[in-house]
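What follows is a pair of complexes built around chain A, which joins chain B in one and chain C in the other.
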Partner chain A sequence: MFKTSGKTESGVPEWAIVELQGLVQMKKETPSEPTTVGDLHYYNRNRHPVLVLGHHVLNGKEIKLEHPMAVIEKVTDNGRTHYKVKAVVKKKLLFKSRPKPIISNVADRV
Partner chain B sequence: MRETRSSDDVRKVIKIAKLHESELTETTQVLRFPPANKQNENLRLIQLDDYLLKEIEAGNELVFKGDPDENVVLCTNSKTYDVKEAETSNSLLLVPDLLFAALTGLDETVQNNSMEDSDSSFDKSNNSLNKSTDSDDGTLLPRKIEHKDIVNTFFTYYELKPCKPRLSKLRKLLEQSKYQGSELEYSVDKAKLFTYEAILDQVQASRAELDDELEKIQAIKIDDHYRILEFDYEFRVLSYMLDLIEENSWPLDKISKDETLNSLKELVPLQILEAMFRFYTVESLIDDNVQYYKYKEDKVCRFLGRVLLTSAGKFNLVEFMQAWKDSVPEGMTTSETLLSGIALTDKSTNPQVVWGFAESDLPDEINERFKLLFQTKAKWTVDEISPYVECYATEKLNVNALLTKYARASTQDGVRVFSAKHTK
Partner chain C sequence: MSDFPDPDEEYELMYADELELLREAEHSDTAIGLPRRPAQAKRSLDFTSPEPKSSVESSTQQTNIPCSQNSLSTIPEVNKNVPNQETNDVVFTSNVPFTTNECYEVTSIQTNKRTADDLFGDINDIDFNEIELPSKKQKTEEEEDLDLINRIIEGRKLRQLLAEPTNRLQSEIKTSYDFKENVSLNIPRWAFVPLTNSDGERIYIRLESEDTWEKALEATSEQSSLHSNYIGTWEEARKILETKQQELIQEVESQDVQIVDTNNNDTALWVDKYRPQSYLDLLSEEPVNRALLHWLHLWDKIVFKKEVKVKEPQQKTQFSKRAGQFQLTNKWRGKKEVEPEVDEDGRPHHKVALLCGPPGVGKTTLAHLLARLAGYRPVELNASDERSTEAFRNALQCATLMRSVLDAEKRPNCLILDEIDGAPLPTVELLVKWCTATVETGKKKAKSQPLKRPVIAICNDLYATSLRPLRPVSLIVQVGGVSLPRLASRLSIVSQCEGLCLPPHVASALAARAHGDVRAAIQVLSFIKARARAQLNMEDVENVAIGTKDCNKTLMQALQSIFTINDKDPEYAMKTVQAAGEYDRLADGIFENYLTARVDARLLIACETMSWLRLYDMINSWTLKNQNYSLYGALPLCITRCHRVLSSRTPQRIKFPSQAMEMYRKKLELESIVVSVWRGSAPSVALSRNALQLDLLPLIPYLLSPSLRSANVQLCSENERKSVRTCAGAMCDYGLQYIQQRTPEGLYAFVLEPDVYKIAFYGTEERVRPPPAVRQAIAREQQLEVIRRNEEMAMKSSGQTASKVAKAIDLKSAKKSEVKETHIPNHLQRLKPKEIEKKVPQVHKDFFGRVVPIQQVKKSDAVADVISSSNVFYQYREGFNNAVRRNVRTRDLL
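Moving on to the complex of A and B:
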């Protein structure tokens, strides 16, 4: 039998999902330092996000999730497993268009 | 690769990417994978409906329940959800505290235009990539840089679907310790007695659903443990109670609760008397400020019918109906329709027969149950079969839909009947 409970303090934080096609691969599997994935900007004009990821520019949009999600964390103490609600996710940034390659001579960070 | 990026680093990339800083809001968020030891592998995503979202935001408890051999369910205080893992081919990067556009210094005046069709606006922003690079750098203030860590990347999440509580386990738990009377309590295995919390722990149902079912199966709290009564014992107690009607010459709608409890408290524990009284009576009238009750006639008749049917084998229907009529308190009416769900009749034989056939004795698994039903009787009308299968019905799948799925419909003498889907 496993029974778990998720309890939240009032005022659950809202987190976000950044949804990308495919997989973001890192050069090092287990880095000891934080690894930059990309720079996220928003256009003034239409609020759309743009993500510069390595050699690619991804244009996306902000979408309200059809079904909100909860982020739950598995916590094991004294052999009992609990799930704690950490946050809810109501919106995501969806990057579903084909990434545009950056054509330039040099890129000093990739 | 540096841990933090400066305004200049970001500007350089904006330029290389041929974006135009003037078109962007003033904050750039640098997304990072934190070092491996800071990634949280214990996080899961679960999809919510509006009700669950409200429950979470109100800080109410959600409980996952399941033995290793059971599908996990999620229970709120009043509902049960089936939990299924779903996969996505996209990567879902989970980012705490990410700023959405509205919070990154967006000019209020342009927000009204933001509803334009997104695909065409993609094109516009793409066009801007091809414009000549105008000078964005130099005289501007440094960009606001915020570093945001991706706590984990997901390819799966859990979908929740409202489902019926899985209650068959409850009866199994309680059947191990049926109450047969105080004189036989010594023989009950104390390890098989369950408190409310222990039952709630083990049964895949919410509190409210469990409470309803405990009442429905007539579980009684006796000294902190929930018990169901042995059939013979229930008959004994009900008989004591019904005998008082004649003894006191009570009209059927003027049963005194106090009198009933007082007369029988020497014979039956009070907890059981009170529960039995609740199960079998409803309030009737108030006379001289005293609440009186009447017995639930159908329930009493059905129970006494079951008592007659307990011995195995078939009975002559006419004789049974007479014996049944004689067994109920005077003034109560038995009728064949009350046998639905507790007995079957066969009118093609001579004499016509009746035999006990209780829903609670059938297999839980739906295919096995249908198999047994059609073995017992080849053709059923909807009314006949309903009591035996309606426990599987849901809002979306009612009894008729169930029958369409698990049985074959045909017409016999103008009556719609159902038979086994695959006959030999």
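Moving on to the complex of A and C:
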């Protein structure tokens, strides 16, 4: 899984990898229009990333990549090919713990 | 006897020349060359003729050669060897110069020495003590000849040694000599018997007159016959030893005569005089000395401002302070002396050294010497000084904070507290406080200053109660008794210095007797010397009455001695018994062990022992009753008589007398039970104590244990309930009670108080006791009974009103029973179904109590459904994320 999260630094935007242990699935098989997958609350007060995905809350952590990566774009201009650096990836957000469910539809009196 | 010109001697002199010539003819070839010859010549010189010599040298022998011819001459001959005046000899020598020539040639002494030699020529036959005087006189006169004379005397004495005590030996020499005299190849002048041997040679053997023969026999039977027993031999042997010893002393005396003279004058105790002067003189064990010296040196930093060498921890053999000896510290076990020797102030960890040991082993001496050795001035404070707290504080301050002005060497003090175990407890506590005080900066500085000088405390009994506070803060050095050989050698040195003859075996006996107590041993020595004895024998050591300490024997030692035969010292048991004291406990011990002491099928031994013990008891009780202690001395005798009866050779384990005490305790306990029952019993059942004890108490337990089929009183029959009731009544009557007590296991048990079972059954009561449940029932019943009785009492006192109340209570209970009876009996009752309350559908109400419609409620719930209604959901994959990772291409994402 690869998802980016914007952050600028000296002109080049810095992205981050989001790594999930699991699958993000759709209820309906209609991937026509773009849909919001979830909310990434980048940092809560423990400086941990929290991802709300469907009715799950995932707590992750930020890991610095061993090898920083660059996201580049191949541009073909007048027969000449050059690569444009779109973003730099230095860290990833790893969500590997078991997700917690969000229970919303609860009766008032149990 | 000293009359020189005796007619008989004149006679001898007449014959002397002839006989001498005869002898010369026979032995001229062998005589001169022999080393022993000069001595013989001297002898001959003494008496001017060989015949008198032979008769003189051993008057006991049968060799009265000239006497056979003239029996008259024998008596003066015999007598003559005793007096021997010097002048006599001188005259003799002048008379017979030619015989002495040989002697002069051999010895080759200067002429003036020769006179000395002649002067002492006869001395070897005189007793030593007699010779001492003239020789000393000589010393004063001729100083330069002193040593020579001594040498001569010694030589003489050696000869005398060889010759005199061993008469038998000499007699053998004599016979060989007589052989030559009495047997001749030629026809002799005297009466003879001819003999012809196998070779045909004829020998003439002297015939002796009967009376001389008898006389000779008499003489010999005195000393060398079979009748002589070993005592004589023993005396001889001792004589030899003692004279040897004397010789040694003589040598010492001749070496330092002046010292001996001064010693005789002064009156100092020998113990003080021969106090060890250097470290090497110390008799105590080396580790002990070292431990104390090491500790003293630890003070160097604070006293002398000198750096102390602290031992390297890597050292292999370390000096263990605790054990007082060198120990191999084992690094493998990680056993290290954690205890630092020096604290942060630079003072030793232990502020006080506590020397302990039996009296007389040299603790005080050791402390003094080592303190001096370490550079201190020892200040002693002992039992003769006042030891109240005030005085002690004063002394402590003087010793530790001040310095002697008079002392030229300006040495710091070292306080030595002798016999501290006799000091009162507050004093010791003060010392401890003083020692443990640390440096305090501030206002209290003047009050408590830290100890800056070493303090050595000396005690006999380490475990005295007054020393309890001191023990943990002090370095304890145990000084043991001096070993036997060392003490013996020291004793012999002392006796040598004092000119006292102390044979080695006597020295060792004395040392053994002292039990390692140097002081006692030396005092015995000086005591014997004071009785003007220059010679110490075994008997002196054995018989001397002083010097034995009041030795303490333990009870068990005394008991052991009572039950074992001691062959060496039949009085041993008596002594030990007297030393042990505590006759009562000894008697107890005998009583406890006498049945197992010896095989005693008919109990005769037991009977006799008992009779002695009975006597003991009689005397003891009489003594205690009348407070008259005149018969007290007989108590150990009774005990020792038991020893006579009971002692055996088989070793046996003796039990410590504890039974008597135990039984006494038990008796007290039981009596207290009886008394408490007696006191607690109600007036209605009151009995005399004896009757209670004998008639009632043995039977009460049967009353107190009713036989119930089950512990639940409600289930019991009327009869059983009645028995419980009687039981409770009895308990109330006799003041007995079941009390709940917590057992060590944590359970609660009902215990009868006071416990009459113990009195009734003497140990077998456990079977009769009722089981715990029954006990509980009885306890409950008893409590009810108590209440009942109290009510009765109240009723009796308050008369009718009480009866009314009782009636009212009865009425109430009757009513209650009526109410209960209106209930339907169980077998008629029917089960009724329980009414179930029907549920009213829940109505939501808002804050003001208005009913909210259900739809609305549901709507409000649906608001939160946004999250769950999103069509993206997440499916978690369990496991490590390495296992589920898969490659994703950028293309898929963009």
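The criterion applied here is as follows: the second predicted complex is superposed on the first by the 73 of 110 C-alpha atoms of A that agree within 3 Å, B and C clash if a C-alpha of one lies under 4 Å from a C-alpha of the other, contacts with A are read in each partner's own complex, and residues count from 1 in each chain.
The rule is short, and it goes like this: a residue touches a chain if its C-beta (ideal position, glycine included) is under 8 Å from a C-beta of that chain, and two chains touch if they have at least 3 such contacts.
Just so it is clear, the structure is predicted and the values come from calculations on it, not from any experiment.
J.: Scan A:Pro13 for contacts with chain B and chain C and give back first, second, both or neither.
T.: In the superposition, A:Pro13 contacts chain B only.
J.: For A:Gln25, using the defined touch cut-off, is the partner it touches chain B, chain C, both, or neither? Pick first, second, both or neither.
T.: Touch status of A:Gln25: second partner only.
J.: If you count the residues of chain A that each partner touches, which comes out higher, chain B or chain C?
T.: Of chain B and chain C, more residues of chain A lie in contact with B.
J.: Considering only the touch criterion stated at the top, classify A:Ile102 as touching first (chain B), second (chain C), both, or neither.
T.: A:Ile102: touches chain B and chain C.
J.: What is the contact status of A:Val75 with respect to chain B (first) and chain C (second): first, second, both, or neither?
T.: Touch status of A:Val75: first partner only.
J.: Looking at the overlay, does A:Thr35 come into contact with chain B only (first), chain C only (second), both, or neither?
T.: In the superposition, A:Thr35 touches chain B and chain C alike.
J.: After the superposition on A, what does A:Leu58 contact: first (chain B), second (chain C), both or neither?
T.: Second partner only.
J.: Is there a shared patch on chain A that both chain B and chain C touch, and which residues make it up?
T.: On chain A, the overlap between the chain B and chain C contacts is residues 1-3, 19-24, 26, 35-38, 52, 71, 96, 102, 104, 107-109.
J.: Using the touch definition from the top, list the residues of chain B that touch chain A in their complex.
T.: Touching chain A from chain B are residues 1-3, 5, 9-10, 12-14, 16-19, 23-25, 27-37, 40, 42-49, 52-53, 56-59, 61-67, 89-98, 100-102, 104, 106-107, 110-111, 113-114, 116, 118, 121-122, 124-126, 129, 147-150, 153, 157, 201-202.
J.: Spell out the residues on chain A that touch chain B in their complex, using ranges where they run on.
T.: For this pair, the touching residues of chain A are 1-10, 12-13, 15-24, 26, 29-52, 57, 59, 61-62, 67-75, 83, 85-89, 91-93, 96-97, 100, 102, 104, 107-109.
J.: Name, in rising order, each residue of chain A that touches chain C in their complex.
T.: 1-3, 19-28, 35-38, 52-56, 58, 71, 94, 96, 98-99, 102, 104-109
J.: Please give the residue numbers of chain C that touch chain A in the complex, ascending.
T.: For chain C paired with chain A, touching residues are 842, 844, 857, 861-862, 864-868, 870-878, 881, 884, 888, 890, 893.
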